[in-house]
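So that you can tell them apart, the chains are marked A, B and C in the order they are listed, and the count of residues begins at 1 in each.
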Amino acid sequence: MENYSLPPKPKNSLWKKIKTIVITLLVIGLYVWTFTGIDIEWSRVIERALNNFQRVIPKLLSPDWSATSEVALAMLETVFIAFAGSLMAAILAVPIAFLAANNMMGKYLSVIGKWILSAVRAFPDIILAILFVVAVGPNAFAGVLAIAIGSTGMLGKMFSEIIESIDMDIVEAMQANGANRIQILFYAVMPQIIPEFLSYAIYRFEVDIRASSILGIVGAGGIGTMIIFASNNRNWNEMGTILLAIIIVVTIIDFASARIRRKIV
Amino acid sequence: MTKEKPSLTADKTPSIYPAKTKMQVTLIFFVIIGIYLFSMYWTQREMVGGIGGALGNMYVVIEKFFPPNFAVLPAIWEPMAQTIQMAILATTVSAILTVPLALLSAQNVTTFKPLYYLTRTFLNILRTIPDLVLAVLFVGLFGIGLFPGILALIVFSLGILAKLISETIESVDMNPMEAMRASGGNTLQVIWYALVPQVAPQFASLVLYVFEINIRASVVLGLVGAGGIGLILNQQLGFYNYPNAMAIIILIFVVVIVIEFISNKIREALL
Amino acid sequence: MIEFKDVSLVYPNGTQGLKNINVKINDGEFVVIVGLSGAGKSTFIRSINRLVTPTSGSLLIDNEDILSYHGKNLRKLRTKTGMIFQNYNLVKRSNVLKNVLAGRLGHTGTLRSILNLYKKEDIGLAYESLKRVNIEEKLYNRADELSGGQQQRVSIARVLTQQPNYILADEPVASLDPPTSHQVMTYLKKINKEDNITTIVNLHFIDMAMEYADRIIGMRAGEVVFDGPVSEVSEQTFEEIYGRSIREDDLRGGANKS
């Protein structure tokens, strides 16, 4: 082989090197912290698994068909919770989104709006459900409220991003026409945002179906109530039925929602 | 303008939208309102006092939960830390497991159709099951503790992550892959040289996104006995010790916000 | 030596890409393939490194029929045929050196290449190749920071690093402006002469074909309709190949030599 000259070494700045080292150390530190913090009693886990496997898995896979109607009713309630909650959220989110969009209201108002939205989003749905169960009692309506508030946080954020992305030239053209603010809203802003708003609201319904199926765990109605009973009673056959119901309903709604959304946008 | 105005009688004035669209929209609107009203009726049927009573009760909540008892903070710091550790561990494991699954469910990599559809279907079913339901199942299998919680987070985030990453893979520029193949690279080399550099930043960003999701999920796992801070929250609620519960909820709130903020900053730097 | 013996190719959708091709390309030749869009130029070139597989006939490279190759054989074949693409096909996020080193993939073990453990000679060879196309100062730049012409030179360096016996170039200048086009063609021609690498180039432009080719193959509707040395080619030959008169946009122009 010929004698090739080797390329010059890349010159990395000192600053870059320091940065790499610091980041590496941080990541290593994080993992050391994680692994020292988590200690799993493997012997117990394995023992349990060996004991329970035979008792749980075969039963899960042979659903209890006698519970079908009860499960179906609870699942329907879950769908109702999700539907009412999503719709309320979709309506509530609109004014907040306009508040949070930086091309609609002033800069300061939009920052405040964004803060409200991210504060709401930081509460997991089920924590909201806990609060509402205390407020209105352990029933499905607590679930509706939890979903409504939880989804408002997410939808508000999505909606405000949509509003921020609209074509402001059209708004300008209307202003030049002499249109007033309300007219501009209806003729220049709405047509641009409505399809995407609808699309996100429907998508959110998909997410809310999953969310509302667990709210019953803290007493907020729907199929989650049955999940908790079935698990307390170790009724794994019934759990199989419930699982099947969730998988089927969620799949159907995902599918339908995807089709509708494709049509809208 | 001297053009004569077309003389239209009132019923001949064209409307902006075709009549059929108007009908459809009206119909859909009423169906939605109908389902909504029924849902509202159904979910409130067991509630005493109706919606008016419910809103009045908000005051009760505030009274019960406030002021939060921050004296418990030192005692709950450790379970909170453990919750974060659960999320870190679960995210790491699912980020590793995602790689083969995402490759198998990307149409441009897995050209063997049956395998592609099999993986897709598996992931789709996985994604229908909510995190807490997984946690209930795993607690049933492995008993109360951290392990079922971590497992639930892994399985749950795997479904989301694999889908997002397979979509990223499907959107890459295929030209370099063809070039590597043309120069005699084998499948592994093609993936490593042409695919990995293209998806790596998105991969990191999506893993962080899923970490955020896992943090939210991990704080509530304890409600069903799957470890972490939720366990303490559940106990305090069980004892009707609402000021303590509120302190925990506020801690959760702060931790979620801080972690999301950091994660967002890192993601912005990545892309 | 490359020898097409009655090669035909029908795409899965029924399109006839190649029709009874009989062509023999000798070592060291610089062949330019011309023809209208859809004539089968890409199909012809891609058959040689089996990015597409002809459906009948036999294709001999160094006296071996490559149509039955798969797996290891196929990768070995591709290792000795380098390819240059219209869109450069670089990994945009990777740096120039890494893109050029990718030319060694076929010569490097999987583990070595994944751990970036290239032999010193390989890295040296990559650097040398970059020097030959005068782009060595961009060594550590990301590929997407380069202009089109520079990217194409990097892709030539990648092929050089591969140390192939054959270079296939599918419309290497179609995305470049006239002066850059000539620069790229000049490099290809120089490499062809200096390293005695058989080079097959697809081109749209008649004037460029005339300027750089030793031999021209004309294709129409999947068939070879002309095959001969440049000296035998006239404007009329092109009109026969194209089935119409020559137009302004069949010429690239901008030739720097008279």
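Heads up, the rule we're going with is that a contact is a pair of C-beta atoms (placed from the backbone, for glycine too) under 8 Å apart; a residue touches a chain by one contact, two chains touch by 3 or more.
All of these numbers come straight from a predicted model, not from anything done at the bench.
Asks: What pattern do the touching chains form: line, ring, star, complete or other?
Replies: If you draw each chain as a dot and join those that touch, every dot ends up joined to every other.
Asks: Which chain pair shows the largest tally of C-beta contacts?
Replies: A-B
Asks: List the centre-to-centre spacing of chain A and chain B in whole Å, with centres computed as mean CA coordinates.
Replies: Computed value for the inter-centroid distance: 4 Å.
Asks: If you average the CA atoms of chain B and of chain C, how far apart do the two points sit, in angstrom?
Replies: 48
Asks: Could you state the distance in Å from the CA-based centre of chain A to that of chain C?
Replies: 50
Asks: Along chain A, where are the residues that touch chain C in the complex?
Replies: Within the complex, chain A touches chain C at residues 1, 3-8, 10.
Asks: Where on chain B does chain C make contact in their complex?
Replies: Residues 173, 175-176, 178-186, 188-189, 192-194, 197-198, 200-201 of chain B touch chain C in their complex.
Asks: Please output the residues of chain A touching chain B within their complex, sorted ascending.
Replies: It comes out as residues 30-31, 33-35, 37-38, 40-41, 44-45, 48-49, 52-53, 56-57, 60, 77, 80-81, 83-84, 87, 118-119, 122-124, 126-127, 130-131, 134-137, 139-141, 143-145, 210-211, 213-214, 217-218, 221, 224, 227-228, 231, 234, 236, 239, 243, 246-247, 250-251, 254.
Asks: Per the contact definition, I'd like the list of chain B residues that touch chain A in the complex.
Replies: Within the complex, chain B touches chain A at residues 32, 35-36, 38-40, 42-44, 46-48, 51, 53-54, 57-58, 60-61, 64-65, 81-82, 85-86, 88-89, 92, 124-125, 128-133, 136-137, 139-143, 145-147, 150, 216-217, 219-220, 223-224, 233, 237, 242, 245, 249, 252-253, 256-257, 260.
Asks: Touching chain A in the complex: which residues of chain C?
Replies: Answer in residue numbers: 97, 120-121, 123-128, 130, 136, 139-140.
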